[in-house]
Structures are given as structure tokens and as C-alpha cells.
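Next come the structures, one after another.
Here come two complexes built around chain A, the first alongside chain B, the second alongside chain C.
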Partner chain A sequence: MTDTDITSGTMDGMGPKGTKIGLLRVLGPAHVWALGVGIVLVGEYMGWNFSVGKGGAYASLIACWFAGILYTCVAMIDSEVTSTVASAGGQYTQAKHIIGPLMAFNVGLYLVFAYTMLEAANAVTVGFLVQEVAGMTGHAEALNDDAFIVLAIVFLAWLNYRGVLATLTFSLVITAFAFVAILLLFVMTAPAVAPGLLQHGELMSGGASLPYGWIGIIAAMHFGLWYYLGIEGTTQAAEEVRSPARSLPFGTLAGIMTLIIAATLTWYVCAGLMPWEYLGQAGTPLFDAARLTGSTFLVVILGIGTLFATLASANGCINDASRAWFAMGRDKYLPGWFGAVHPVYRTPYRAIIFLVPIALLFALQLPLDQIITFSILSGLLGYTFMPINMILFRRKWPLDSIKRGYEHPMHPLPAITLLALCGVTYFAVFLGYGTQLIAMIAFYIVASLWFHFWRYRFVDRGAQFTMPWPKPRGY
Partner chain B sequence: MAHYKPPRQSRAGQIIDVFVLLALTIGALYVPLWLKLAGSSTVQTPVENPTWESLGQSPVMVERWAQLGYATPADAHDLITTRFDYAFTWGAVALMVVVIVGYFVMMLRLSEKEYRDVISEKFDGK
Partner chain C sequence: MPMWTLIEYAAWAVSAILGLNMLWDWYRTDTTYSEEVLTSSREGEIEAMTEQHRM
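On to the complex of A and B.
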């Protein structure tokens, strides 16, 4: 077994050789939890409900749990690999060391686009919420939400520019608030507290039970991913946590447990309050649920919760997308100019600034369901990479060759399950959004050819491999 | 394996590379929109002179629609009658499978070729 591993206090294999100024190691497991849950919790506040539109409320619940299985596999696999490859860039860096440069380039793009589009979707929801509140408080004309979208993205980018500790501490506080808001809504709508308010039987019977039949259950998997999309982003903080071998698996696995609970509670409350046709197209379903309770207190709490969840998510997305872009720049997969660290704040400031106009372009120009679909597709391609990555990782570096901070059980069952569920989800996206699916894959094919035949010439071959691992078996 | 020394890229070249990536991204997002191929495949099944009954809504549903600001059946008509169109051909499914599997196979093969160079340069002679 190699004498350098991630659990070592003196030589943990972080960062590339020759790095003079690295990212600052200041984060603990709570920040990792906040980063993962913070990015994703917004999925309970908006977006998940489109799965109700694609298959009905029962289909959405089944999709919620199957997507929960998919993401549990993601969290298990990610925790093992990341507890060994703890470096900025997360899955991008994993792919670079385990599969190869072209796969890494694609994974880097998956991460950047999944997070940047999720950030854009969050900003759109902030604007939509402001419009809703303006209407409820007597504003006669429709409020232009563009200014609020721009403000949200620029403010959070500035926060990220200034430093990661302040950014993720901010996320920790507002994520905790948004999670407590969901718990409060669940308690205050429970039959013991508000008899007759939840009407699952009336709202989900007859034609409303499975409006599209069994194919609707498969179709619902498309937006079912939105309940959890982004939990894998915990790995992006790997170079900035104090104890990656402990914090990353703990934060990631605690995060997925939190989210499965929050997702089920969210579905339970919303499906018992709204007709599925409304719920399936609502912009802010939890806020609408609070309105239906008739409680001003809950309306205020869930309104603030929606705002906080979207801000926490956008905040985490800027953090993650910029780390992936930065890591690719540092390796010359992209122009090296992006690989700079701010001399004072120690953040990847050029990557943060560069991605701001791209997020604005998405947020100001595209409809919400399409932004979400593009984000889901990039995430889905990343999840397809993970089982391949895991199988090759165990084959090239068996358990006795590198010490892991965490070893996931029952290998290769989680990898095979993940691959099968990804296959189902591709078909789910195909049902209703087939053109986007083909357009997105076409983009990645052209980008891959561009990288392989042009960009890769600027990359230093051996220097990419920065982990202090032994030579992989079979090479 | 001899050490590969990458060429130094000019500033103009770096800028061009960024614009190429941006153009590809924007193309993937906007070309389907411009060709009017994007968006969900939905169909409308309009109901003339809609009533809550003809729209399939129970009394509890009607009460909730009213609380959400949809006072009449006409207000809620478009939301209720919009449905996804899940009709597909097996040929289209086969095309999707070929594109996705082909993409991953191509990527894994080219990656493997690049990876062998990386490992060779990193570990040869050690």
C-alpha cells in the first residue's frame, strides 16, 4: 500500500505539485452538509413538482423514492472516491486520475453547466417570488423581475469572490432556516393540528391518481431528480476542508438523508393540499401550500424559506461551478488564465466572474422548465460517468493499494443500480423533452472532438496526474 | 516515453478558445429554441363552455382552485387541459440509445488513448 494517503496529516496528496498559493482550508463537516443540502434544498421549494405534471402525484412520490435510491448510490460512490481524490474540481479531478483527460473535460463541463443552469433557475425563482409577493401586497401591475434576477446573481458572485468561509457560513444559516420552515409546515398541516386540511384521498383519487398510467411513473423520474440534484457538489469543497477523509463522507451522507426526509415531507404536504394539475405547473409550490393553510405566519416563513433556499442554492452553485472551471483552467484544459487564485481572498476569482454573464444569459432568456431540464441532463450525464468511474477505480487501485477514508459497501451493486436508474431517467427525459436531450448530447460530442483534436495539445501530459498514488494496475 | 512539452498558447488563442466554447454552449441552448423544437411536448384538449364537472374536478378540488385564485372553470381551464404527449416511435428510442451509447463509447476510447500517455509519462522509469 502506498505511504501517502488522504488520512495522513503530513502528506495527504492535495493539490498539484508546484502550487504556490492554494485554496484556503477552513471548512468543517457542517459546511460540507450546508454546501450539499444548500444547493439541493431549493429542489423541494420549486421544480420537483414538475414531476407531478409529468405523471401525477403518486408517480411523483415513486420517482422521489427511486431518485432517492439513485442519489444514495451517488453519495456512496462519491464518498469513497472523494475521500481519496480530495482536490478542487471534484468529479472532474476523479475522472482525470481514473479514466482519462477527455472524460475529465466532459465531466468538468457537466459540472459547470449543471450548476450554472441551476443557479439561473434559482435566480428566476427569486424573481417569480418577488412578483408573487408584490401581487399579494397590492401591486397592481406585473412587476419586472429582471432587476431582481441580476441582483441575486451579482450579489452572490460578490460574496463568493470575497471568500469561501463567509460564503458557506451564510449558506449554513439560511439552509438551516429553509429546512426548519419545511418541518414547521409539515407539523402545522398535520391532521392532529389542522383537521381536514390535507385531503390526499379527495385530491388523488379517480383520474387524478395516475393520469398518464404507468408510463407517467417513468416520465416523472425526469423531474424526480430535482429533489436531490446537486448533492454531489460536496466534493467541490475537497481542497478547502480541514479534514477531507472525515468531513466529506460525513457531510455527503448526512446530506442525502436530510434530503430524502425533506423531499418526502414536501410531497406529502403539497399533494394533500393542491390539485395535481396546479401543483404540476406551480412556480413556488411550498409557498402556495403555505397560502392554502390560511396562516399568515406560515406564508411569511415559507416565503422567506423559498427566498433563502434559492439564495443558498445559487450560492453553492457559484461555488461549485467556479471550482470546476478553475480546476480545468489550472490544468490548461481551458485557458490557463482561469486557474488563478485571488492573492488576498484565496478564491478562484476569475472563474467566478467569468461565469456570471453566462448564468444571467440563461436566467433572463430561457423558460424555467427548460433551464431545469438542461441542468438535469448535465447532472444525469455526470451520474452515468460515476459507476464507470467507480468500477475502474476499484479495478485500477484495489482496496489494498490505496487507503480510503471511506469504503462503500456491496460494490458493485450501487454502481450497477445507479447505471440502471440513469438509463430509466434518460428515457424519462426523452418523454416530452427528447429534442433537448439530443441537442445536449450533440453539444458534448462536438466539444469532445474539439478538445481531443485541438485543445489537448496545450496540456502537459504527466503533470495532470497529481495524486501520490502508485501506478494503476494493468498499465 | 519522452516528456511531452506543450506549446505556449498566445493570448489571442486563449480568447478564441473561450469564444468557441461559448458559441457551442449557446448553440446547444438556443438552436432548438430558434428551430422551435424545444420545450415540452404538450397538447391541449379544450373543453367548450367548461364546468368544474366537465373538467373532472371534485368539490374539494374546486375549493382549492378558488383559494389559489382560480375562481371559475374558465380560469383554470388551460392548466387542467394541458397534457404531455408521450407518443413515441421505437425508431426514435433507438436513435436516442445509439446517440448516448455512441457518445460514451467514443469518449471512453479516446480517453483511454490519452490516459495511457499520461500514465506512461508519469510512471515510466520510476
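On to the complex of A and C.
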């Protein structure tokens, strides 16, 4: 085993357990950052502002910071566990090792649905943006956005099919551009540069401060998640990074810091330029903010930033959903046929192709708000699993039993905080989308029954636990 | 024909080309390599080679 040279070009991805073709380990911390921030940053360009509609600008800021705490807990917990369970599938593989097969199956489904629906929502947004640009350039007839929705999904799937390094380098470039665009907007609207442009005092006083009172703050938590939804996706790159124990915690924690900065700046600029009644239902708030500044430069930069953020998000979603689907196929939780790796591009090519028609179906057939809500709910179910997973992980394998790439501080406080904030968010979602919440839970219960009574017989039970850990404490 | 109508047709064409390229490569790969090789990936290979997780 020790004679295997994993840095060799010919041996990379192959190993002592019989892997002849494995995923390619070529990614660094910057790619992990791009994967996490890339999926999420579109939430700054659109979506977060519906939290303003739920409770006003102050409620949105409070939701932004509480959701920031929720996701900081997610990032810390994920970083610790993933630095130890470094395999494709991320939280699915964590659940398989720490809790058990039924939880793992459910978490795998949460991941695939959350990312595939988010990908579909992003593709719909690309179509909408192209339509807007066509209208702004004087195109009189209604443009068929289906062509651009299909192009976005097929192009990004093709990119993912051809190799992970090019895919996430593409994400890195466009995500960095979208983030810099937000920084530029903040700098160029600052009171020192444009005196009197931001009107926080006038726009947020009196009845506009908390239009629906304290319940508005809780209701705002639903879309407050949009500021950060998807940062946990960094874990899906675990099998393709060169140094998982170092790169994953570094990329994930740098990602959540980036997002908290971007979210706060976004709120600050938009809340100072638009009244809450408009901001709460705007389609592209950052682009609208750029238009309100009167700067053509900012309009162009933020317009491109909106498109790039949307593409980066869809790109990361294809990457993550396909890794989760691939990992479940490899373990026979789904047909083993999905566990194939492309011999040249070293990507899970069958999983990537299989999810294309599903994403197209969601994008072309379902309304956008329903897709987004089902994506949020699947994500929220995943976040609820994480604190339970963390508490069991520390109990079964305490700090002195196995080596970790990162140890998160103040355990169990982050886990308890995360669980409490998930509870608040369930209530917030129930206030606006109670039927969808119940429908989603019913779906996962039916899927669990199918797995328990039928699918589990095909799982290779002896090969599920792959980490070279000692026996869990107490067993 | 208006420019945006041409762009719309181009989007359909590029989607079809990329989609067919993937499908063709998928067919060629599956008929060139054995199923045993394609599905030989095993979870935990990195761990087995690089990490022993011992304190």
C-alpha cells in the first residue's frame, strides 16, 4: 500500500481497493471556494430580496445575519466531518458512515433534488435575463426563452462531462467577476464617492422599519436562507481535491466569509436605493440598484455579474448533483450503472447525462417559485441532519480517536444553534408554503419506505464502510 | 430576419450539437471499455493510500 505513488500521473485515481478508473484529483482550495461561493452568489443577485417583502429591510438584515450564523455552523460542521470523510457524495457519505443507510439514502436524495432544482431555477433565470437584454436592445417580439434555458443546461452539462478542472476553473473566473462587481457597486455608491445617493434614513424609518412587526422577521428567515443556500456543496469535491484535509476546510470557511461580506454589502446598497415595497418583489435587485445609480459602467458590470452568477450556480449544481448521484450508484443505493467514471475525462459521465433531462423537465414545466421552494426545503432537511450527524460523530469518534483536518470550536454549541435555527426556518417556511413543506416530507417518507423494503436488498452491505477508522466508541 | 431570432436558432443549434456530442461520446465509451473497468471506482481509495486516521 505504501509503495503506491499517488502523485504519479499514471497511478492518479487508482488504488489498492481495485479502482482502475477513478475521479481525477486536480482541484485546489480556490476551486473549492469557487464551487461553494459560485453556487450561492446568485442568491445575492436575486432571491434574497423576497425576505424584504416578508418583513421589511430591517427584518431582511436580521434574517441575513441569523442565516449567516446558521450557515457558519453548517460550514464549520461540514469542514470537520468532510476533512475526515473525503469522498464524493459529501453529506451522503458522512451519513452512511456516521448514522446509517436509511439516513444516507435520504440525505443523498436531499442533495440531488436541492441541486437539480436550483440548477433548473438558474436556467430559467438565464432565459429571463436574455429576454430582458433582447427587450432592452429593441427586440419587439417576444423571445422564446426555452432555447436559452436548454442551452444553459446542456452547455454546462457538456462542460462538466469534459472534466472537473476546466469546469471549476470556469466557475472560479465567473464567480470572482460576480463578487468583484458587488464590491464595485458598494464602493461607487458609498457616501464618500456619491454623496446623497443612499437614503437609508428616509427609506427605513416610520412604518417602513418593521411593516409586519416581529413576525415579519421570522417570516423573512425563509428567503434569508437564499443569501447562503448551497455553501455546503463544497464537500462534493472531496474526492477530486489534491489535499482534502486542507483544501476543504480552507475553501469552505473562506467561502462563508466571502458570502457574509457579499450579503451584507448587497443588503446595504439595495436597502439604501429602493423602498422596501419595490425591493421586496424585484426580479434582479442588484441590477436594478446599478440602474438607479445612473452609471452605465455599473449597469454593464452588474448585468454581466448577474448572468455570470447564474451560470456559476447552475455549473456548481450540476457538479454536486452528479457526484451525489454517482456516489449512491457506486454503493448500489441506486443502480450500480450510475457509478461509472469516464476513462478519459475522469468524470461521473452517466450521472451527469442522466440528470440533464430531469433538470430540463423541472425548468420547462414547473413554476420558478415552486422550484425554488422545493430546493430550499430539500436543503433545509439536509441542514437538520448535520447537527445530529455532528453530535454522533464526536460521540462515536472523539477528538483523540481519529485525525481530523479541521476541528470546529465550541462543540456542541454550533450543532445546537444550527438545530434551533432550522426549527425557526421550518416555521417560517410553513407560514408561506405549508402545503409544499408537507408534500415534500411525504415524498421523502414514501422514498424511504421504497428504500427500506425494496432497494436495500441490492446494497453491498459489507463494502459500505470504507474509512480506515477505529471501531466507534461504545461498540 | 431579426438578430435575436437568429440568436435563438443558434442557441437551439449549439444545444443540439453539444447534446449529440455527449451522447456520441457516451456510446463510444460504453462500447470501447468493459463495464467492469468503467464501474471499478471504489470509495475510500484516497484514504487507503494517504490517510490512516491514527493519532
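Definition applied: the second predicted complex is superposed on the first by the 457 of 475 C-alpha atoms of A that agree within 3 Å, B and C clash if a C-alpha of one lies under 4 Å from a C-alpha of the other, contacts with A are read in each partner's own complex, and residues count from 1 in each chain.
Heads up, the rule we're going with is that a contact is a pair of C-beta atoms (placed from the backbone, for glycine too) under 8 Å apart; a residue touches a chain by one contact, two chains touch by 3 or more.
Not measured: the values here are computed from a predicted model.
Of the two partner chains, chain B is the only one that A:Ile388 touches; chain C does not reach it. When the two structures are aligned on the shared chain, A:Ser401 is found in touch with chain C, with no touch to chain B. In the superposed pair of complexes, A:Arg350 makes contact with chain C only, with no contact to chain B. With both structures placed on the common chain, the touch criterion links A:Thr93 to chain C but leaves chain B unconnected.
Using the contact criterion defined above for the overlaid structures, shared-chain residue A:Tyr161 touches chain C, although it does not reach chain B. Residue contacts after overlaying the shared chain place A:Trp337 against chain B and chain C alike. Of the two partner chains, neither chain B nor chain C is touched by A:Pro412. In the superposition on chain A, contact is made by A:Phe148 with chain C only, not with chain B. Common to the chain B and chain C interfaces on chain A are residues 336-337.
Across the complex, chain C is touched by residues 1, 4, 6, 13-23, 25, 84, 86-89, 93, 134, 137, 139, 141, 143-144, 147-148, 150-151, 154-155, 157-158, 161, 239, 244-245, 327, 330-331, 336-337, 339-344, 349-350, 353, 356, 400-403, 463, 466-470 of chain A. Residue ranges on chain C touching chain A, taken from their complex, read 2-5, 8-9, 11-12, 14-15, 18-19, 21-23, 25-26, 29, 33, 35, 37-55. Those residues of chain A lying in contact with chain B across their complex are 53-54, 99-104, 106, 113, 199, 202-203, 205-208, 211-212, 215-216, 219, 273-275, 277-278, 281, 288, 291-292, 332, 334-337, 358, 361-362, 365-367, 369-370, 374, 384, 388, 426-427, 430-448, 450, 452, 455-462, 464-465, 471-472, 475.
In the complex of the two chains, the chain B residues touching chain A come out as 3-7, 9, 14-15, 17-18, 20-22, 24-33, 37-42, 56-58, 60-61, 64-65, 67-68, 70, 76, 79-80, 82-86, 88, 92-93, 95-96, 99-100, 103-104, 106-108, 110-123, 126.
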